[in-house]
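One chain, subunit A, appears in both complexes that follow, with subunit B as partner in the first and subunit C in the second.
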Partner chain A sequence: MIGVELGLMLRRRRVWLCWVLLCALPALVAVLLATTRLAPAPGQGPAFLSAVVSNGQLFPAAALALVLPVFLPITVAVVAGDAVAGEASSGMLRYLLVRPVGRLRLLVAKLVSTAAFVLIAVALVTLTSYVVGVAAFGFGPGASLGGAGGITSLSGAVITPGELAVRTAAVVGYLALCMLALGAIGLFFSTLTDSPLAAALGVLAVVVTSASLLPLDAAAALRFYLPTTHWLAWIDLYRVPILWTAVRQGAEVQVSYVLVAFGAAWANFATKDVTS
Partner chain B sequence: MAVWRDVAAQRFSRRWLLVAAGAAGLVAAGAVPWPAGAVDVDATALRRRILGSVPPHVGYAESTGRLGLPQIPQLESAIALFTSTTRIRAFVAGSDRWRVDQLTPAGERDTYRLDGVEYVWDFGGDQLTRVVGEAPIRLPRAADLLPPELARRLLRLAPADPVTTLPARRVAGRTAMGLRLTPSDPATTIGTVDIWADPATALPLRVEVAPHTGPPLLTSELLEVDDRTPDPSELTPAVPPGAATVSTSAADVSGALRQLDAPPPPAQLAGRSRMPLSGTPDARLPGVGIYGTGLAAFALIPATADLAGRVVDNAAVAGGTMVEVPSGRAVRLATPLVSVAARTSRRSGVLLIGTVVPELLEQAVRELPARRRRA
Partner chain C sequence: MTAEDVIRTTGLTKRYGRVTAVDGVDLRVPAGARFGLLGPNGSGKTTLVRMLLGLVHPTSGSVELLGHAMPRHAATVLPRVGALVENPAAWPHLSGRTNLRLLDAAGRGGRRRDRRARVEVALARVGLGGVDRRPVRAYSLGMRQRLGIAAALLRGPELLLLDEPTNGLDPRGIGEMRDLLVALNEGGTTVVLSSHLLTEVEALCTRVGVMDAGRLVLTEDLDALRVPTGRVLLRTPDPAAVVGLLDGQVVERSGNVLVVREDDPAALNTRLVSAGIDVTELAPQRRTLEQVVLGLTGSGSDRVDGRAR
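Up next, the complex of A and B:
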């Protein structure tokens, strides 16, 4: 079942379009920065963007910061919202459930498929932006000193190529988890409606609501539990030594969202009258 | 049919109950505090212990200020420390060997102190700055808000004010014993300073500063702490390839103030005497004065007419009260913890800021002579 769902996802053109667009936006920014050399001032613009012109290896981090607030959530909303509602809207869901397939098993397969989508999306953005970043901005000042491959951490110490690979892998995993939490919410919404668009808009409504509450002092008590609060915690992985506090808290919150949203999807879908 | 509906409804409710219970459990796991154990505390002894030592530690803290200060041009980053949440990481080996990082979403600003010399690493500027000398007063920085430093600073300012015991509470996964400092000077805006410290090391873990009425407006807490001595590599500033290294002197700030050609600060303002300032001889700050003692003190800082004028405008927009002065314009702004006053004339300006009631700053701004340039 999981293999079938993964195959189905990989055959969908909209999935590939999402990945291409996610990779294209950072590439466009890299081209613009490389041609104009007009990087944002330090402390302004997305994280790391002001520093990439001096070291292209920082560009994956800048690219992730670029796509994280809007583009990545939109693609996750589209794919996750389509998971069950898409089958219902095309009239396939009742035929799917006629087969000896448990509803829980179907939901698990859909969640795994969503997880694969977000993991591939974040990994593709990271890999393509590394290639584009190095091509556009080079390996940084360390190259001339025989230190090619290293980057300057936020704390000033140099991160070696090996450390950079490990830290970047951790960033990919963390962001994939953050997006999987959204995907699980999308899966839940997808069981509530037969309209993939409505489910996707529901996910985006969650993102917008969370982002709107985040800066409000009046919502301080809720801040820790908002899904978007911890999205930027991965930046702490580029400090020396790594600060795990926010990453750990963020991972706990995102896993909780996955569990609760998937549980809600299961609670709703298990006894739902499927007529589509 | 009816039986099937009953069964379905039962399964439906059971599943949802299970999910709801799980969600509630997850929220409670993060929200319900662990109970603090019982600790015998002598508040006076605890104050003495806090002031007596700087235990080595490595930790992560968050400081939240809600002081409602207006924007003051060129002081935005200092003001932000008291009007927003600041993430701080500390590596402290002793009073003269430490590193404190101010963590931002876009970078990091780290202050190192090694054997009397300070270094500042700024990721945004890709620059390490070596600071030579020591100015008598300086702008606040993240290191000042670290709970141990904030607690010691506030306790040092009011050595004779009474302290009482507070109930223990859980801080950074530990049971912390508490004390409350209540300033005795009625002129201060600070109503209480609450400090919770580790019973074993007397390391302050949480500080709350509250006005006379209302909740605390400045809270700083170590969320994680380890009682280890930092590794020397953690206390040594690194200069990455391509980064700039510059050296600056605390006297540079003095030079900037000297250009204002401000007259010497009066010996007394609003009934408060000017306090002697420390600092290295080359870093004297012309025109700057600190008035009052303890937690009821304010600073007089000369400024350009343009800067003071913008502060007057911003403070007026933020609800400040205009003050009648013989020449120029003046305003005073009261926030629950900090009062600000500014006066500007055609050629010069002055700022007053402190933890004193606004009436005191209004009196001070009236008493100031017209700050003409010296011949």
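Up next, the complex of A and C:
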């Protein structure tokens, strides 16, 4: 079932459209920056963008920072929300279950395909933006990260291109995990309804709620556990030396979300009456 | 007989809140039968079929399919069952052939080695052997219906559960489907189908169950249901002479056609002929399945006019 599910995902036009659009936004930004040379001042605008103009190799980081807050979560919401509810609304759910595909097996396959989707999405954005970034801005002097965007306050420490690649791979993994947590929430919502749209909107409601509570002092007690809190911890992976604390905490919270949301999805779906 | 039942439900009940969709159904379908499940819309047929397949969990009561309790043994039982539940469904952006291959690969028990061959056999059986690479989105209703039945046939099932299998088919398609189901049945497959088309069920099934308002109100062999009504349909060029001869027995007269109250058609024929009356047609009247079913059931749930049921 997992192989079938992956095959189905790769044959969906919507999935490819999501990937193309995700890669297109950073490319558009790169073209605009390259033609106007109007980079945001250090400390303003999206992370890393101010440093990109001097070194195209940094563009993947800037691209991830661009798609992370809104665009990437939307695509995850659409794909994960469709997982079970989409099969229900097309009528395939009943035919899969009587084939028979076990209900747990079906959920696992859906989670795996969601994981593949987010991993491919984040990796594609990284790869295409590296190519676009280098093409538009070239290699900078010494591949230094000094003062990038004012967020990573590195004191001029030099990261070699090889190390940059390793760190970027770690960032891809971390962000994919964050998105998978969102995807697992989407999978849970997807078992609650026969409408893919409702499930996707539910995921977006979670993202918006979390992002709205984040700056509130009144919600400080909750802050650590909000799903979006740790999304920006990946920036620490570009520091020298790497600050692991926030990344580790973030990973723990996101893994918890995956486990809890998947458990909830299973608890709901295992005994659900399939009337679609 | 009981050991050979492929379907056995005991006190099967499903409630949704205050609505009882299926109410204490004890259904038995013997192996090798062609069983028709009848009843108006909303009488609980679909909920019953979904409970048989483990899609819907009963509120109370039990289901045994091919001798195993459902839904606990779904993994072992369902590979031996082919099903069409309500409408056929498919991934609309893929071709029918790809749909069947993926569906076959998804479930357990489908060997990879002969998958292609099995898909081709199933497609050929339902008359889609030459279907091209068009996506299912572009299929007609009848083609989708055939594809749905092909999916049910993929594993060579021992039991076929078909909900409205002739839906969307033209008269020729309906005939083909009837021939297919009879052929499968003669090959040992038990066929259970639900339908609104009573004439279809009458032509195909050997045994029927009638549902009304969630209850199974009748299970009977079709032959037993269609007992003579004690009346004889008579066509003659001289109806007045017949009325004169059979004074009081004639219950209906319409032109040259008469309905006569008489238990023994042969005796009636002898009597008419010996009286010198020409008879062009003479046949005992039987109840049609439609009369049986309509006599047993109320109006379906789709009629809402406040009439007492």
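Operating definition for what follows: the second predicted complex is superposed on the first by the 263 of 276 C-alpha atoms of A that agree within 3 Å, B and C clash if a C-alpha of one lies under 4 Å from a C-alpha of the other, contacts with A are read in each partner's own complex, and residues count from 1 in each chain.
Here is the rule we use: a contact is a pair of C-beta atoms (placed from the backbone, for glycine too) under 8 Å apart; a residue touches a chain by one contact, two chains touch by 3 or more.
Keep in mind it's a predicted model, so treat the numbers as computed, not measured.
Colleague: Please work out whether A:Arg13 is in contact with subunit B alone, subunit C alone, both, or neither, and reply first, second, both or neither.
Modeller: After superposition on chain A, A:Arg13 lies in contact with subunit C alone.
Colleague: For A:Thr271, select first, second, both or neither according to whether it touches subunit B, subunit C, the two together, or no partner.
Modeller: both
Colleague: Of the two partners subunit B and subunit C, which one touches more residues belonging to subunit A?
Modeller: Counting residues of subunit A touched by each partner, the higher count goes to B.
Colleague: Return first, second, both or neither, reflecting whether A:Pro241 touches subunit B, subunit C, both chains, or no partner chain.
Modeller: So A:Pro241 only meets subunit B here.
Colleague: Check the residue A:Gly162 against both partner chains and state whether it touches subunit B (first), subunit C (second), both, or neither.
Modeller: After superposition on chain A, A:Gly162 lies in contact with neither partner.
Colleague: Which subunit A residues come up in both lists, the one for subunit B and the one for subunit C?
Modeller: The answer is residues 271 of subunit A.
Colleague: Taking the touch rule as given, give the residues of subunit A at its contact with subunit C in the complex, in rising order.
Modeller: So the residues of subunit A touching subunit C come out as 1, 3-5, 7-8, 11-13, 90-92, 94-102, 271, 273-275.
Colleague: Quick check on the complex: what are the subunit A residues that touch subunit B?
Modeller: Going through subunit A, the ones touching subunit B are 41-45, 47-48, 50-51, 54-55, 140-142, 144-145, 147, 150, 152-158, 217, 224-225, 232, 235-236, 239-241, 243, 245, 252-253, 256, 259-260, 263-264, 266-267, 270-271.
Colleague: Show me the residue ranges of subunit C that touch subunit A in the complex, using the header's touch definition.
Modeller: 50, 53-57, 74-75, 78-79, 81, 83, 85-94, 102-103, 105-108, 151
Colleague: Note which residues of subunit B are touching subunit A in the complex, please.
Modeller: 8, 11-12, 15-16, 18-19, 22-23, 26-27, 30, 60, 66, 89, 101, 103-108, 110, 121-126, 128, 223-224, 234, 237-243
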